[in-house]
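Each structure below is given as structure tokens.
Both complexes shown next keep chain A, but they swap its partner, so chain B is in the first and chain C is in the second.
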Partner chain A sequence: MITVMRRFGGLAGMLAIVLFFAISLPDTFMTLRNWLNISQQVSMLTVVAAAMTVVMVMGDFDLSVGSMASLAGIVAAVLFMQGWSIPLALLAALGVGLLGGLFNGIMVSLVGILPFVATLATLTVFSGLAYVISDGRTIFGRDIPAAFGDFARGGPNLPGGIALPNLTLVAALTVLVIWIVLEQTSYGRRLYAIGGNREAARLAGIPVMLLRLSAFCFTGVGAAIGGLMYASRVASANPTQGDGLMLTAIAAVFLGMTLTRDGQPRVLATLVGVFVLGVLDNGLTQMRVDSYVREVMVGAIILAAVGLSAIGRNGLAGQLRR
Partner chain B sequence: MPQLDLDRISRAFGAVQALNGVSLSLRSGEVHALMGENGAGKSTLIRLLAGLDRPDGGQITISATATHGLTPAQSKASGLRFIHQELHPVPGLSVAENMHLDLPYPKRFGLVDWAALNRAARKALDRLGLGSLDPRTPMTALGSGDQMLVRIAATLVGGDGTPPWLYVMDEPTAALTTAESERLFEVIAGLVRQGAGVLYVSHRMPEVVRLADRVTVLRDGEVVSSRPLSETSASQIIEEMTGRQLDAIFPPRPTDKTVGPMVLRIAGLAAGRLKSATFDLRAGEVLGVAGIAGSGRGALLQAILGAIPRQVGQATLGGQPLRSSPVGTWAQGIAYVPRERRSEGLMLRRSIAETIVLPHLGALARAALFLNPTRQRQVAKERGAEVLLKARSVQQACQDLSGGNQQKVMFARALAGTPRVLLLDEPTRGVDIGARVEIYRLIGQLREAGLAVILASSDLPELIGLSTRIAVMRDGHLAEILPADGLTEARLLSRFYHRHQEESLSA
Partner chain C sequence: MTLHKLLIGVAAAAGLGGVASAQDVAVITPYLAQPGTQFYVDGFKARADELGWTVNVIDTAGDVAAVISRMEDVVTQGVDAIVINVDPAQIGAGLSAASAAGIPVVGMDAGNDPLVAANVTSNGYAMAAETSVYVANRIGGKGRVVMFTFDPFPPVQIRGVIADAVFGNFPDIEVIDRITPDVSDGGIADSRAQMEAILAANPDPGSISAVWAAWDQPALGALQAIEAAGRQGEGIVITGIDANPQARDAIAAGGNFEASVAQDFQGIGSTTADTVARILKGEKPVQQVIYVPTKLITAANVNAE
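Now for the complex of A and B:
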């Protein structure tokens, strides 16, 4: 019974949150339209947090995802201005994400800088580049092709006449790809092994350096996709629009880790973490809770979830003894 | 000189006679090793000494005062101190504060006198030759080895009553690395020089041979033997612990007929600590690697594996040049069981199955990429059964296993890829004697099956009992290769220092 509580306590808490909103907002909350809306609201965060999971599996971090998202949006917008076609501009922006990730990977894996320090530095570098390329301006209006902005607003129709947002589809696809990579391929299991014990992995013939390097590429590309989704949604690009993503993404991964049996990051758990944050945001907004108060509440809920999970794992006595 | 005598001590738990008429004398100024298999009665004896349990019969005499049983307070007041393998330090506090946990802090005007506190700690640390430890550093900054040394030093801080004179150490090196163990041994030597006695409980033969003045062997709650180390040997102790003859412990040595074709050829190899090594290895052969700590035993294995970059020399496996990194050599058919299994081998919180298949993920996957969990579990189960792994299921986390079973996981992992050469670094370190015999039998079976094995070990009976030939390492050089058949421990040991002896003779 106690183990069941420990295992599923986090999940129960999350269901309780959903239940609370469902009762408080009986007419609007538990509707398909609202849930599709939530899924679209969190789609960027989903992509970035899923990509973040790839490096966190190895015990690493990437703090530069937010500024990479901004940079990718800016790159695409600037290329639109220069008359590039949409696919080419998007591909170039994704290429920038790949290069940025590769650079992070080289710094962490080959040069051997702590991920925290290396990606904190590239956070500033990418952000600065976004300002330099855009002259610090927001690119919007006629500079952005209509088809690019329309993508985020469109989506295939579901029976009942509601559209399934394209952004939700992109997020689902990204999660699926990363789930396959992490859970269904030997590549992913090797990343988990590195997270478990890096030296042991090396001695067991795991190419640790190469794998760490490549994992950061996933995060770079994921951040770029997230940035492009955002740019499409607001049909504009500015050098600060990805700023909030990094902390929220890391929070989502940590929330997810409280759900897994062994406390490891898993991408589906991350997805649940993302939805908890999304549901809170959506529900509290509908209840007209002031946005500053909302931030306090979201932070407190994260603390409560992670804290309760730690106590559940070791028992309160175990925590006190440590 | 204080002395502690146990006279015909007995203790039964239900129908199980944990101790049966055990008599033992512990004196200051010597290291007394207490050896025995799991369940031989060592732990019960320690609990009686600590006052955590009382004997059913017999008498305990400490410095001419006889009693039928101790309380924890009496035990402490008589100068007994207990160092267990499990440490419970307060990580946030400084070293000095941890040393004063059960003592009043020195005070001045009602406030803690930090200078005096640190001075007292400094004095105690210095007495053990631990000048490099700063009493002000937080406990967390120390490795588990240093934390244990601090614990020992803490017994020397202040306090009233009889000063501590007898240290009971229960498997103190179980959680320590080799280097940390070395420092502990130096501290033990220092304690003994200062007149303390040590009851050293361990099943690690090399440590006992090195540290002990007297050895007492327990089996099934009774004393099998108790005599000075000089009158016994590692092989004899093993025989007494197990009640079996040594040749029943080690698998039969192969004859020439069972040795197969050449597999591994190493010529003039140097890498890191390894300065030079040249040898050939045939299928069905076990090459022992012997030498003192730091002589390059482990470096030889890691150089073959490619874990440390090879500088010069050739290494070929079945005629093909050996690749330069563990990624390549595992793929070529080299398998490795590391010395420090906790830090170099296991992902403690991960499952047995995950650990076993790790080096073979590519080979076990569909299209070399997509996992096949059914096949993984099957391989893990089969290999686990082959090495006689005792676990609830292959999904169990490695940290829940005993040392012996953790080591079997390492063997299962090495064997899952059907290797051609198996590199073993201290394969029975921290493994109880029961699991050890099973590992010996396994090595024998692998040899029979035509695997070539390189076995680096500090355990002399093990080297002599398992190897066909033994390579002796001296100062990073593979100095000579001796046939193991007919070799004695004394003769092998003398080869460790061979050149030093020649030098001292010619000087």
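Now for the complex of A and C:
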């Protein structure tokens, strides 16, 4: 029984949140339209958090994802202004994400700087570049092709006349790709091995340096995709618009980790974490909870979930003994 | 969350809160931390309280995509009206969601868009007319004027257009320079440097009659340059626009900086509430832009506010 509690306590808590809103907002919460809304609202966070899971599997972090998201949006927008076609501009922005991720990987893995320090530094670098390229301006209006802004507002119609948002599809596809990489390939299993015990992994013949380096490319490209989705949703680009994604993405991964058996990051668990955050924003807004109180509550719920999970894992007595 | 709020939420969600007079209005902005925005919201809330509305102010802390998300949420919740304080061009998806649900959106100094029923703001043309006419009258319709403008930013560009027209209408006023300062550091420092160059190029006392600035920062920079050059006694008249605290201090000090124009932020908020009330009554505004009067600030009234 206790084992069951430990294993599924977190999940039960999250279901309780959904149940609470379903009862409090009987007419509007548990509707297909609302859930599609939520899926669209969290789509950018989903992509960035899923990518973040890849490095957190190894016990690393990438603090630069938010400013990379901003930078990617700015790069695409500036290229639009110069008359580049949409696909080419998007490819270039994704290329910037790949290069940024590669650079992070080199700093962390080859040079050997702690991920926290290395990616904190590149956070500033990417953010500065976004300001340099854009002159600090918000790029919007005629400079952004209509088709780019329309993408985030459209989507294939489901039977019943409701559209399945394009952004939701992009997020689902990203999660699927990362799930395959992490769970179904030896590459992914080796990343977990590095996370479990880096030294043992190295002794077992796993090319730790190369794998860590390459894993940061996922966060770079993921951040760029998230930033482009953001730019499409607001049909504009601003040198700071993606910055908020970083902390929320890390929070989502941590929330997800409370659901897994041994507290490892798993991409599907991250997805649940993302949805918990999205559902809280959506439900509390509909219940007219003050936006500042909402932030306090979201933080408190993260603490409660992660704290309960830690106590559940070791037992309160175990915590006290430490 | 208080139990009270929770109960309101539950009651409203259950359809018990739908009394005809008790309108439910959401105010959504990414900019609540900015002083001007707080005045708008205070003015709006004060008027909404009188009208007996339930107002939910949502601040997304700079996140524009979250404005769209929160708009979708309050549309789902079924509010009666939405007030935005963000450029409508960036939240098209949220405007479409509100429009599809038949919920009116009113802009509080937001910008114009076909899906925004009305936008309540200050008249930039009128503000520029106030200060440029002040300058022209003050120098007796005759003299050499320096202009500081910023055409890349539309709300400031229209101010320059009006000042051009006013000065152009006085045959004896000559605009000796029309400067676009570098605003990346706020605008004061570069305006000061540019003004120093102009002072150096026009060394004779009386060769510069006035400095007209499209907003306060260049006016403050010009004031610093004039004082640093020791030429504050020549009677050079300086005007700005916006009447920010630094400008008010300079005007109150009684130096060359003589006038600026204050927007009525609280008035924009309360007029927005009145506009929402009219729209909810079924009126359709003929004018999609609704102006709230501004006020010329000079030494005569700077301490009165």
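Convention: the second predicted complex is superposed on the first by the 322 of 322 C-alpha atoms of A that agree within 3 Å, B and C clash if a C-alpha of one lies under 4 Å from a C-alpha of the other, contacts with A are read in each partner's own complex, and residues count from 1 in each chain.
Rule of thumb we're sticking to: a residue touches a chain if its C-beta (ideal position, glycine included) is under 8 Å from a C-beta of that chain, and two chains touch if they have at least 3 such contacts.
All values derive from a computational prediction rather than experimental measurement.
Within the superposed three-chain model, A:Asn197 lies in touch with chain B and out of touch with chain C [touch as defined at top]. Shared-chain residue A:Tyr187: touches chain B; no touch with chain C. More residues of chain A are touched by C (comparison of chain B with chain C). By the touch criterion stated above, A:Ser67 is placed in contact with neither chain B nor chain C. Of the two partner chains, neither chain B nor chain C is touched by A:Thr119.
Look at A:Ile206: by the touch rule set out above, it reaches chain B but stays clear of chain C. When the two structures are aligned on the shared chain, A:Asn37 is found in touch with chain C, with no touch to chain B. Once the two complexes are laid over each other on the shared chain, residue contacts for A:Thr258 go to neither chain B nor chain C. In the superposition on chain A, the residues of chain A contacted by chain B and by chain C do not overlap at all.
Residues of chain C that touch chain A in their complex: 1, 5-6, 8-10, 12-15, 54, 56-66, 68-70, 72-74, 76-78, 87, 89-93, 96, 184.
Listed in rising order, the residues of chain B touching chain A in the complex are 88, 91, 305, 307, 325-331, 336, 338, 343-350, 354, 358-359, 361-362, 364-365, 368-371, 397, 413. Remark: chain A residues 24-28, 31, 33-34, 37, 40-41, 44, 135-136, 138, 140-141, 149, 152-153, 230, 233-236, 238, 240-241, 244, 281-282, 284-293, 297 touch chain C in the complex.
Every residue of chain A that touches chain B in the complex is listed here, in rising order: 183-187, 189-190, 192-193, 196-197, 199-207, 262-263, 321-322.
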